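Take a look at the structures listed below.
Here come two complexes built around chain A, the first alongside chain B, the second alongside chain C.
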Partner chain A sequence: MKKIRHPFNRWQSVSLLYVVVLLAQVFVPFLLSHVSAGTLTSTYVRLNRLSAGTTTSFRLVFTTASAGATSVSVNFTAGWASASGSVNATQTVSSASCAADTGATALPGSITAAGSSNTVTISSVTALSASTSYCVDLTSASAVTNATAGQYLPVITAGSDSTTVAIRTVGSNADQIAVSASVNPTFTFSLSANSAALGTLTTANPVESSAINGTVSTNAPQGWQMWAADLSGTPGLRSTTASKTIAYSPAAGAAASALSTGNEGYNLGSRSVSGTTCGTPTYGNFNSGTQYSGSGLDGTLRSLVSVTGPADTCALALRVNASISATTPAATDYAGTITVVAAGRF
Partner chain B sequence: MKFVRAFYSLVFCALILAAAFSPSLATAQTPTEGINLQISPLPIEMTAKPGTSTNTDLRVRNAGTKTEKLQVRLLAVSEDNNGEVHLTNPVSSDEWVKWVHFDRQIFDAPSNQWQTIKMTVNVPKTAAFGYYFAVEYLRASDVSPQPGKAVTHGAVATFILLNADAPGAKRQAQVVSFTANRKSYEFLPANFTVKVKNAGNVHVAPHGSIFITKGGKQVGVIDVNNDKGNILPKGSRFFTASWNDGFPVYKNKVGPDGHPLLDKNGLPESSLSWNFSHANRLRFGHYTAHLEMIYDNGQRDEQMNATLSFWVIPWRIIGVLLLVAIFIILGLWSFFVKTRRLAKKIRTKKT
Partner chain C sequence: MSGLAAILIVLLSPLALAAQPATTNYQLNSFGFGSGGTANSATSNYSLEGITGEVSGQTANTSNYSSKPGFIETQQANVPKVTLTNPSSYYDKLKFVIDQQNNPTDAKYALQVSTTSDFSSNITYVKSDLTLGTSLTTADYQTYNTWGGASGSNMVGLAANTTYYIRAKATQGKFTESGYGPASTAATVGQQITFCTYSTSGSCGGSNSVTFGGLAANTITNSTTNIGVDFATNANSGGNVYVYSSNGGLHSTIASFTLSSATADLAVVNSGFGARIASASQSSGGPFNKLSPYNGSGNNVGSLSTSVNTILNSTTPVTGGTASIQLQAKPSNTTPASGDYADTLTLIAAAAF
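And then the complex of A and B:
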């Protein structure tokens, strides 16, 4: 019988096998369909509250390595759960506003989200592009419950790409700065002028001065009141040289009425309050929309107006009116003094 | 001769020095602008046991552009039965005048700077219950009368409510009246006024709510005197509240500048506001307003109650709905009549 001679000896067989294995390692990855996991980059999770034990929404931003992902997940890991953290099963998701904030692309698609175990999964994502930055917000105020203070490493997965990020929670309410301030009650009162000129009085008609505004601003909630009095020794428009006082008409305490031509009289009139904020006014006897109309003053402070609520530059226009008769003595020194007081109510 | 010359030289030098170093004559600086003052806090409530002292800081700021010389003085305060506050000069029977002291009665107030005046009240052992006065801030010397002009002197005041905490203090308030401005309304708001009288000898601050019910079911709540305004002894005070949670509802008109528009009487103008998201608040029917207020009588809260009822009948809306209903009924009736006639015609033709 003829001996069959093997074409390869033992060493040649081993060498051949070795070469085949080497070649396989080089060429197989190219021969098989390309399914390699990439690493997400520029990725972060922003918890909107960092306080331990607090429920919060959060934002996810990431940059893909490869294309095609149709879902994104955030796995807060078992470490989160074991530190009293949790993920809410019910989630709401939106990418409407994050793009403007971050410059990333809003996560596309009719996206929905749900939580399970320690993971939030965002589904129905339109296939993502490679090397693209995306953002999305998990908007529920209770999307997650923060774990105890410490560092945690959630895993972000988008299709075949993934990465681990670091987040940190802090002690209860240590993520907030308490701000305190106080506002004192204040009351401001001003008169727009020192004096009201009456000019030359004639019997042709009464004279009305230009308005002096008494203006109030206050944050006192009870409102404010304004009074007026004539504290001169002889109330009225007095001339020392003529020894004559044009008395108030009507008398102090009477309802407003208008001066008439040719009859002596002197009074103080007010119009309606007006300003940025004026409450509800209750007027005294001096209020009238009629020209030359007003009431008289004496040494008693008489209410001009009482107004409810706070005020912001609420002004009461005051006008002094005077008229003379044919027998009113001539003099150039007729003068009057009116005191106006304002106060915030108690 | 030398002596005389020396003497006159000495006198001359003395005169020069006197002129140089003499204080400026006390001529009051004539203010050229109206007064502009800001005060804080307000009002000030003080409590002290008889025979003790209490003090507080009064703060005033000159909000004008020039330095003012100001003074403080006291005014007596009272409140009448119509809720009006009266300021009067103290009289001899106002014993509290002697108890009050200021560390500065007259002071300079540079522009835009706060000045603090310390007020001390030495309450004697014989004092008891409430004392009410105001601290008035005004110019120490104001504009003198000017020929041809009416000069105005301005002042601002802070109310002081002093309670000499003695046995026998009586805090007592009563609801004098509880009214609505109308018996019936077409649309809200319904405006309520409560008059409360202080029948005690210390000021009180009653506050509470008005509960609106319909058929026993509560449909609204509004606050009364939430800011706890005070009522002085022997005085009364009016508190107002509005129920405006309706559809439609009258609201005050506002001009383009954001300021309320006023009518010729100075009262705010209003117009109907139709917010259809509040359509379920169309009010119709008989309502009852229950007033419940409380005040502190020194030991516990005392309650005050009152009730009134009113109607809300949106007659214009009802009228429109009725008209629509009438037209629909007329239309249907006309249709049936015509249909009947037609049927009759058809039957007649067949026979």
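And then the complex of A and C:
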């Protein structure tokens, strides 16, 4: 029996190897991880100034299609450069605040950025997820210099994904509105009442009227002041019928003191200022926290209070006090007039 | 026995007969005579029918018509038409509407797309997900209704500034696929955004200053003119208009004082400065929306701060968006008097593609 040889074994082996090599060349690329290019969506570049020729920072927001991008670029394109736009080689980048503003995910990683030609490239990005919105700020005030007024089409690339957006620049400072206004000097003053009823005076005790508030509002930067005077011919509480004047006690210009029972006297007293804004007061002789206490008036305007700074409904409470003795003539027409004025210091 | 089966079974002379053979319910519209043939011979992937000796499939053409001889062609679905349009400045999609040409409702259609008018290159097909793909599969044959019916559908993922051509063919089961019908063409446009801000005493490109005149203490005053904004974009996700202030309020250098801006009802607070959108509208798309806190009424104003705030937006493409923004100010009794109160407001816009 003749042994049958297979004279083509070696050739078959070579052919088989050849086929395997060919198939490997065809299929290996598909066996490796295959990334197909996708389109970024919901993508925008927000220049923080639109004025032509102005330098500005900008924000980038985009939504990925694919996963895995570790760098992001914004190519402002040759059209930007040919229209006097430029990209700064030195860039600063942050994703610290954009997420709260946009609801997107802050671009992750120890990100850095640099500009070259017309493109800003953000590097060291932690691999991005698919179908995720990200944001990042190029924070340098000179990240880009805006091109002349018009529309431009930057290309945004994140890994294998990309898209084209449109941005617009406007004429010089045409992205700004100048607002102007003036505030006029103002001063208001009022008395809460124009009469103080003392009732029937007796020797049992002095009498104090209800408080009358002198209220001031003013934007005078140096503050305001309030004065009082008795401009009648005979200062004091006078009865025409009895031909009697109860004189001021103490005399005008004296420090505040209180009336005493059984002794004639008449004075004007004040308390502390109070209100929305009152500044720092300096009181005249009329200020006292004691009942029936005050000072006298004459024909000279005497300071009730001087306040530094503007006032907003700042009030000074004023009270008229009177007391009689056993010999004070009886009459029903005792009366007096006190004049109160105020002014702002502008 | 279905009408189609009757046609397939009968093998008659290719010579036309004076009247079509018919029964009560069926009529043979086309038949041929030959020495033999096959009806629906099949392998796992292919089916075949034909009459030996009969020429089939070779076209004769004029400029507007082509014809194919043979009884097989007579069982083909009616050649459909399709219309391609760009109804709204699309940059990445175009709308197609199929004209069924009286095909029955169960007919299915395939759509071929090219960027060359003669379909000589760049051939793609509208896939069932409305994207374009280089291969046509059975899943991409869909009924008229599935392709959007009378409303049509948008084929998506297109390149901007590109002219596309589309044509359709129909089928209603085996051996019925028609040829492609006439092509229709439309073009995508480029991505677009327009934006302008101005004082409403003028118009886009005009005055950019707004004054209050004299402000009275404890009194709310409106700016003598409003701020106008014009915005439009074909971006699929619309866009935003933003505002921010240089000073965070009306600032007087002479008085060294700022009438600060804050979101507030000026009728209630002691003093303030802010903005409210008096009106917002659009020609189409949008809507162009007022956003909180700038959408208040009366004396409710939104803050004008040094941070960028979104004041208006549209979430879809918008045409002819326009808005009027009113400024209001109220100094207190103690706001220092001065003639140099001022602020600079910056308004910017961005569109999301």
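Miscellaneous remarks
Heads up, the rule we're going with is that the second predicted complex is superposed on the first by the 292 of 346 C-alpha atoms of A that agree within 3 Å, B and C clash if a C-alpha of one lies under 4 Å from a C-alpha of the other, contacts with A are read in each partner's own complex, and residues count from 1 in each chain.
Basically, a contact is a pair of C-beta atoms (placed from the backbone, for glycine too) under 8 Å apart; a residue touches a chain by one contact, two chains touch by 3 or more.
Note that the coordinates shown come from a computational prediction; the quantities given were computed from them, not determined experimentally.
In the superposition on chain A, contact of A:290 is made with neither chain B nor chain C. By the touch criterion stated above, A:179 is placed in contact with chain C alone, chain B being left untouched. In the superposition on chain A, contact of A:210 is made with neither chain B nor chain C. When the two complexes are overlaid on their common chain A, residue A:333 makes contact with chain B while staying clear of chain C.
Of the two partner chains placed around the shared chain by superposition, chain C is the only one that A:163 touches, whereas chain B remains out of contact. When the two complexes are overlaid on their common chain A, residue A:45 makes contact with chain C while staying clear of chain B. In the superposition on chain A, A:84 contacts neither chain B nor chain C. By the touch criterion stated above, A:260 is placed in contact with neither chain B nor chain C. When the shared chain is aligned, no partner comes close enough to touch A:124: not chain B, not chain C. Of the two partners chain B and chain C, it is B that touches the larger number of chain A residues. Residue overlap on chain A between its contacts with chain B in one complex and with chain C in the other: 184-186, 188, 218, 220-221, 276, 346. For chain C in complex with chain A, the touching residues are 92, 157, 160, 190-199, 205, 208-218, 221, 223, 227, 233, 235-237, 239-240, 242, 250, 252, 255, 259, 270, 308, 327, 329, 331-353.
On the chain B side of its complex with chain A, the touching residues are 31-43, 63-64, 75, 84-89, 134, 136, 143, 145-159, 161, 203, 227, 229-230, 240, 258-260, 262, 264-266, 268.
Interface residues of chain A facing chain C in the complex, by the touch rule stated above, are 39, 41-50, 59, 61, 101, 151, 153, 163-168, 170-171, 173-186, 188, 217-221, 276-277, 309-313, 346. Contact residues on chain A toward chain B in their complex (touch as defined above): 184-200, 209, 212, 214, 218, 220-222, 225, 227, 231-232, 237-238, 271-276, 278, 280-281, 283, 287, 289, 299-301, 303, 306, 308, 318, 320, 332-346.
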